[in-house]
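Order of writing sets the chain letters: A, B, C and D. Residues in each chain are counted from 1.
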Amino acid sequence: MTVLEQPGSSRHGSTATGDRPAPPPAWRPRVDPAPLLPDEEPYRVLGTDAAAKVDSALLKQLHAQLVRGRRYNTQATALTRQGRLAVYPSSTGQEACEVAAALVLEDRDWLFPSYRDTLAAVARGLDPVQALTLLRGDWHTGYDPHEHRVAPLCTPLATQLPHAVGLAHAARLKGDDVVALAMVGDGGTSEGDFHEALNFAAVWQAPVVFLVQNNGFAISVPLAKQTAAPSLAHKAVGYGMPGRLVDGNDAPALHEVLGEAVERARRGGGPTLVEAVTYRMEAHTNADDATRYRSDAEVEEWRGHDPIALVERELAARDLLTPAYVSATKEAAEEMAGALRERMNADPALDPMDLFAHVYAAPTGQLREQSDLLRAEIAAEGEQ
Amino acid sequence: MTVLEQPGSSRHGSTATGDRPAPPPAWRPRVDPAPLLPDEEPYRVLGTDAAAKVDSALLKQLHAQLVRGRRYNTQATALTRQGRLAVYPSSTGQEACEVAAALVLEDRDWLFPSYRDTLAAVARGLDPVQALTLLRGDWHTGYDPHEHRVAPLCTPLATQLPHAVGLAHAARLKGDDVVALAMVGDGGTSEGDFHEALNFAAVWQAPVVFLVQNNGFAISVPLAKQTAAPSLAHKAVGYGMPGRLVDGNDAPALHEVLGEAVERARRGGGPTLVEAVTYRMEAHTNADDATRYRSDAEVEEWRGHDPIALVERELAARDLLTPAYVSATKEAAEEMAGALRERMNADPALDPMDLFAHVYAAPTGQLREQSDLLRAEIAAEGEQ
Amino acid sequence: MSTAVAAGGTTATGRKPATMAQALTRALRDAMAEDPTVHVMGEDVGRLGGVFRITDGLAAEFGEDRCSDTPLAEAGILGTAVGMAMYGLRPVVEMQFDAFAYPAFEQLVSHVARMRNRTRGTMPMPLTIRIPYGGGIGGVEHHSDSSEAYYMATPGLQVFAPATVADAYGMLRAAIASDDPVVFLEPKRLYWSKADWSPEDPAPVAPIGRAEIRRPGTSATLITYGPSLPVCLEAAEAAREEGWDLEVLDLRSLVPFDDETVCASVRRTGRAVVVHESAGFGGPGGEIAARITERCFHHLEAPVLRVAGFDIPYPPPMLERHHLPGVDRVLDAVARLQWESDWTEGGSGGGPEGSA
Amino acid sequence: MSTAVAAGGTTATGRKPATMAQALTRALRDAMAEDPTVHVMGEDVGRLGGVFRITDGLAAEFGEDRCSDTPLAEAGILGTAVGMAMYGLRPVVEMQFDAFAYPAFEQLVSHVARMRNRTRGTMPMPLTIRIPYGGGIGGVEHHSDSSEAYYMATPGLQVFAPATVADAYGMLRAAIASDDPVVFLEPKRLYWSKADWSPEDPAPVAPIGRAEIRRPGTSATLITYGPSLPVCLEAAEAAREEGWDLEVLDLRSLVPFDDETVCASVRRTGRAVVVHESAGFGGPGGEIAARITERCFHHLEAPVLRVAGFDIPYPPPMLERHHLPGVDRVLDAVARLQWESDWTEGGSGGGPEGSA
């Protein structure tokens, strides 16, 4: 007996010679891939016809935040030189991404920053000193994440992405109108957690926006050694979500694209992957030597595409970059920096017994023993 | 001073009102995504005009292997009922994928099967008893992987994919003309290892072919809960490699698509992701109850698209499905099954001291102590 | 302790005995019914009810949002569960088998275990991670690992390993109710063990962090947990014939660890053997033996011995019986204790009752 | 043992002292020069030379194919290295920091450690996994973990932890030459420690699996490895003033473990303290103390004590000094040994030389 003669085998046609077999049963979900693919070029607003449509108030808000953000970055870097911060990964050059990510969110939404994104957290309203706790080294997360809905700054790359998905999913299950925006670098997209997070988000249609800041490098490793894809935004179609490519130094463009993604998520339209093409102007951190792996010429080329300059051109074109405006903006930024410097110059209050707090809701027996030991040691030190 | 006034900021245009800023420097690699995207419908040969172009000898070879493969599957399942196999994950219904994967490879190439792919290993020439060692339970990998260039059957899902990439990369570095073909299920594509393997392969342009057997289920979980993508093949563009969608029950179509992918890899063209749309006709394993999660009607619909029946229709159309041919093919398959049954009915030779062999090249002190202990225990057992 | 009964029989109370698997299912059900923030998630936990059927019926009763099949990605499962916990839910995650929890290791160690500490208590992780673990069921490779050493060595995690039907229910309820993460190790080969236990009237169990004396004795203490408890009880019965009266102690939770009960027992008996299935080297037994020795040195008449799995990758089904610590291996260790005690200078030399 | 010298000074031999980092770099270089199958891979190991500069110059000398920057994915790095080893290469993988090795845990435990065993010896895994580990350098969270307990508990892995400049070179060469996988733990805070050591004439080191007596003594044995060796040597110096003559033993490799040298020392001194930075509970010290007690019980005048990191997530930079086991904590344990010894019934009561 051939298989053809088996019962059921001829369901889709007789066994007669020349008969065409049926195609595979159409049991697969069908999604049109076309709308999920990103454009070939990063979306831009500034320097294009779209610029005219940007509200001046928004432009000024973005500008003020960018100037403040840049100042925050230079101040934090200065604090590393003064030994007040253990380390600082600067987002200079990437301020547009940091600021736009913060501004598109509602109060009830959640931000999931990576270790480089203290500025986004600060732009969302977090106290800069609290945001810098991790990098100063007096504790890990320096703030109550619930207060401003900012998840802990995340050092293990891409591991915060599934957290964002889970939180957004939980909020949706509860019927809460909450969107999560999660930030990751180009290097972080190579981690398995990136893949798993995007897949869960798409399957669950969770209200999450993934913002990849593609700044060209993962420490010393250039994008070409990180991926062979046409763009990182092209990964989206493989999860069944839209991928958007945007100029990461163009604050209004980011604001628009991220804003749309957030709205889409809020409406129940599911997650979006946004790739922002930008550049890290400083070394990876103050401890890094960027001249080992990239040319000054490349850095200079990007200096010509500075996110603040881009907005200032448009402000100038609208005659809004008045000396009074400029000095007021600058002053506000200086004030923030001065206050930050001053507060960071004070030694943080430290209690070594904190080591044993919050390991568990209630300390185990052995933790009680160990905290007694440390207390005795410290008392003995004091006596000496 | 505004940023616009800083040195370098006007590199791409003056600060004059109305001037357009330059687009971001074109430092990103450019890859055309279009050729990487899969077709909307799975590629088919049988039942289409392309069928006529298939060589009759190949058709007969595929058919003989499919019949043999089906018989192997039914025999192995029977062995579980007789207590001769601990467990068997059947590939009934998926034989075209298993067989095509084996046949497109040269002798020097490597196959990386998952736990369901003993048939592919057998079709490649591995002794079926050795291939079943893992599932019988007398050892883990029952063969020397180097002998037939078949990597160990892999149980932790998707973890063998980076191995395939590494091996192919190593061969290329050595200047050897070797291709690796790695098999994974639809469920396995959700694992981080899938993502990382494809990314490494694309970045390294390693000669690897990834074959996803999308059989609609990961145990009980249907594809719609696994992914929201238009197809699994659409994931390829996100890595910068071509994605191909093929009817996984159409053996000549698979042979063609996989063959092209292998040739592309061999020529230095890099990796390919192939999604074969197929169906698991049996339960996940003999221990599973598939009626809990899918309908008989769905199974019946797929029975009408049986991979053997598809080939037989074409053979019949060519007047090649003669009674003599049919009985010879069947006889060969029965012979294989009979020999397998007979050999599996013998108890495997077991040496408990093997537990300590091959943990390290040379046993550590504690392993020597422990093997002495076991030896003494076994001796004492013997005396009782 | 639940009374063990023969399969199919009825018990002293005249009730149909329950399996550990049934008790676990019931614990999940009751927790979900009582607390709407409890969510069960994992591979195949929905319609199929899990490969061991522990989540059977939950999706039907509570809906797929409360008991949901996830994509096949363990890091993703645990990682999204972390996010759900951040939003106030109490996720109960199922890992399908011991070795398939390893992809989630980074999420477990770097986030689950530390989140409360990192955030000064503002972001607790009330997560339960259920892991069917250990061997003895004829599983092929990667299906029989005893991975508790990894979890014990990770501050911030609690590690529970029930050994009885009543504890399976009571401890799983406690795990889900705990505001700290629990790695909940379910001994696979005890899933079908039975006891006189009723879901309508679940016996209260000892609080978490308390070891239980499952069999009182005076000659020596067998210290164990999870799948090795029945082995130790059987060994204690067998030892009786040789004149030893062994105490059997079920740790129940490895973290928190009950130094008090353990040390009280060892101080009484003067001798101890730690028994577990996990590999000996670097396994839980080292910690346990070291703690006991630190705390009870002057009461010990012999070194604390360990009976454990060999220091090898878990063997294939046909060889696993040689690997698993069985009654004979426990009795041999007990005999060695005796030999060591005789050796003790100034030791009481107190061997088994009625020996010599 | 390499002689420790003050930074910037010259040594007794008149040579410029070398750092541990330099010795490691040289070991990689020499291994690559000698054996074309040795391949170095990891994040930033190419042009940058690694974040600790250990692979500095290798890409320039041997080309990017032999020393290659990988995509940022640790499971992928180790997983592809497994495939390369299958094809006959000897990959040397760098994990950038301790906690960033966790994503590769499944590949490590389920494949690297078991491949030889699974394939009956036909597919060995000559892999070296270099992990800069431990604290004391002011790293923010997830940059200072001591993860050796996880690796010790995994049969099939070797675990090396050099503590001296000479060993850094010699043991890394041995790791790369080994046909079995090695987790090679590089104590970050000793990277810049210096010793009289020359790459032109590297002193031969003891074979793998041998512990070394770094300081002979008679009162008690301090057993340690990696970053805690200098602490123990300093403690031994300090203890001398109190009349104790401490022996300091450097384990060098945790797997294989040198029972012989350890037990010989403890039998001689009758007392031991295990010192490590890793958390105490479930950490290496438990295994070590338990093994010693099993083997040397009747020679012990006090229980084997442990001085370890607290059972907490690694603390932030500003608090880490309170966590790390330091000289005082070691001396306190030594004092407790003494107290315990006096207590021993029938014990020799032999306290510190010249005490009382």
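Going forward, a contact is a pair of C-beta atoms (placed from the backbone, for glycine too) under 8 Å apart; a residue touches a chain by one contact, two chains touch by 3 or more.
This one's a predicted model, so the numbers in the text were calculated from it and none came from an experiment.
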Subject >> Identity of the chain that, by mean CA position, is farthest from subunit D >> reply: B
Original post:
Counting C-beta pairs in contact, which chain pair ranks first?
Top reply: A-B
**OP:** List the centre-to-centre spacing of subunit A and subunit B in whole Å, with centres computed as mean CA coordinates.
**Re:** 36
Original post:
Whole-Å distance, subunit A centre to subunit C centre, using C-alpha means?
Top reply: 40
Subject >> Touching two or more other chains - residues of subunit B >> reply: 139-140, 156, 190-193, 195-196, 199, 203, 225-227, 354, 359, 364, 366
Subject >> Shared interface positions of subunit C, touching two or more other chains >> reply: 70-71, 73, 75-76, 99, 102-103, 106, 110, 114, 117-118, 141-142, 155-156, 255, 257, 281, 310-313
Original post:
Where on subunit C does subunit B make contact in their complex?
Top reply: 43-44, 46-49, 51, 69-76, 99-100, 102-103, 138-143, 280-281, 310-313, 315-319, 322-323, 328-329
Subject >> Partner subunit B, residues of subunit D touching it in the complex >> reply: 39, 65, 70-71, 73, 75-76, 78-89, 91, 103, 106-107, 110-111, 114-124, 155-156, 158, 178-180, 209, 255-257, 259-260
Original post:
Touching subunit A in the complex: which residues of subunit B?
Top reply: 2-4, 6, 8-13, 15, 17-25, 27-33, 36-37, 41-42, 44, 46-48, 67, 70, 190-196, 199, 202-203, 205, 216, 223-231, 234-241, 247-249, 270, 277-279, 298, 300-306, 308-310, 312-313, 316-317, 319, 321, 326
Subject >> Residues of subunit B touching subunit D in the complex >> reply: 139-141, 144-146, 151-152, 156, 159, 161-171, 173-174, 180, 192-193, 195-197, 199-200, 203, 354, 357-361, 364-366
Subject >> Of all residues in subunit D, those that touch subunit C in their complex >> reply: 75, 99, 102-103, 105-106, 109-110, 113-114, 117-118, 141-142, 149-150, 152-156, 255, 257, 278-279, 281-291, 293-294, 297-298, 300, 302-306, 310-313, 340, 343-346
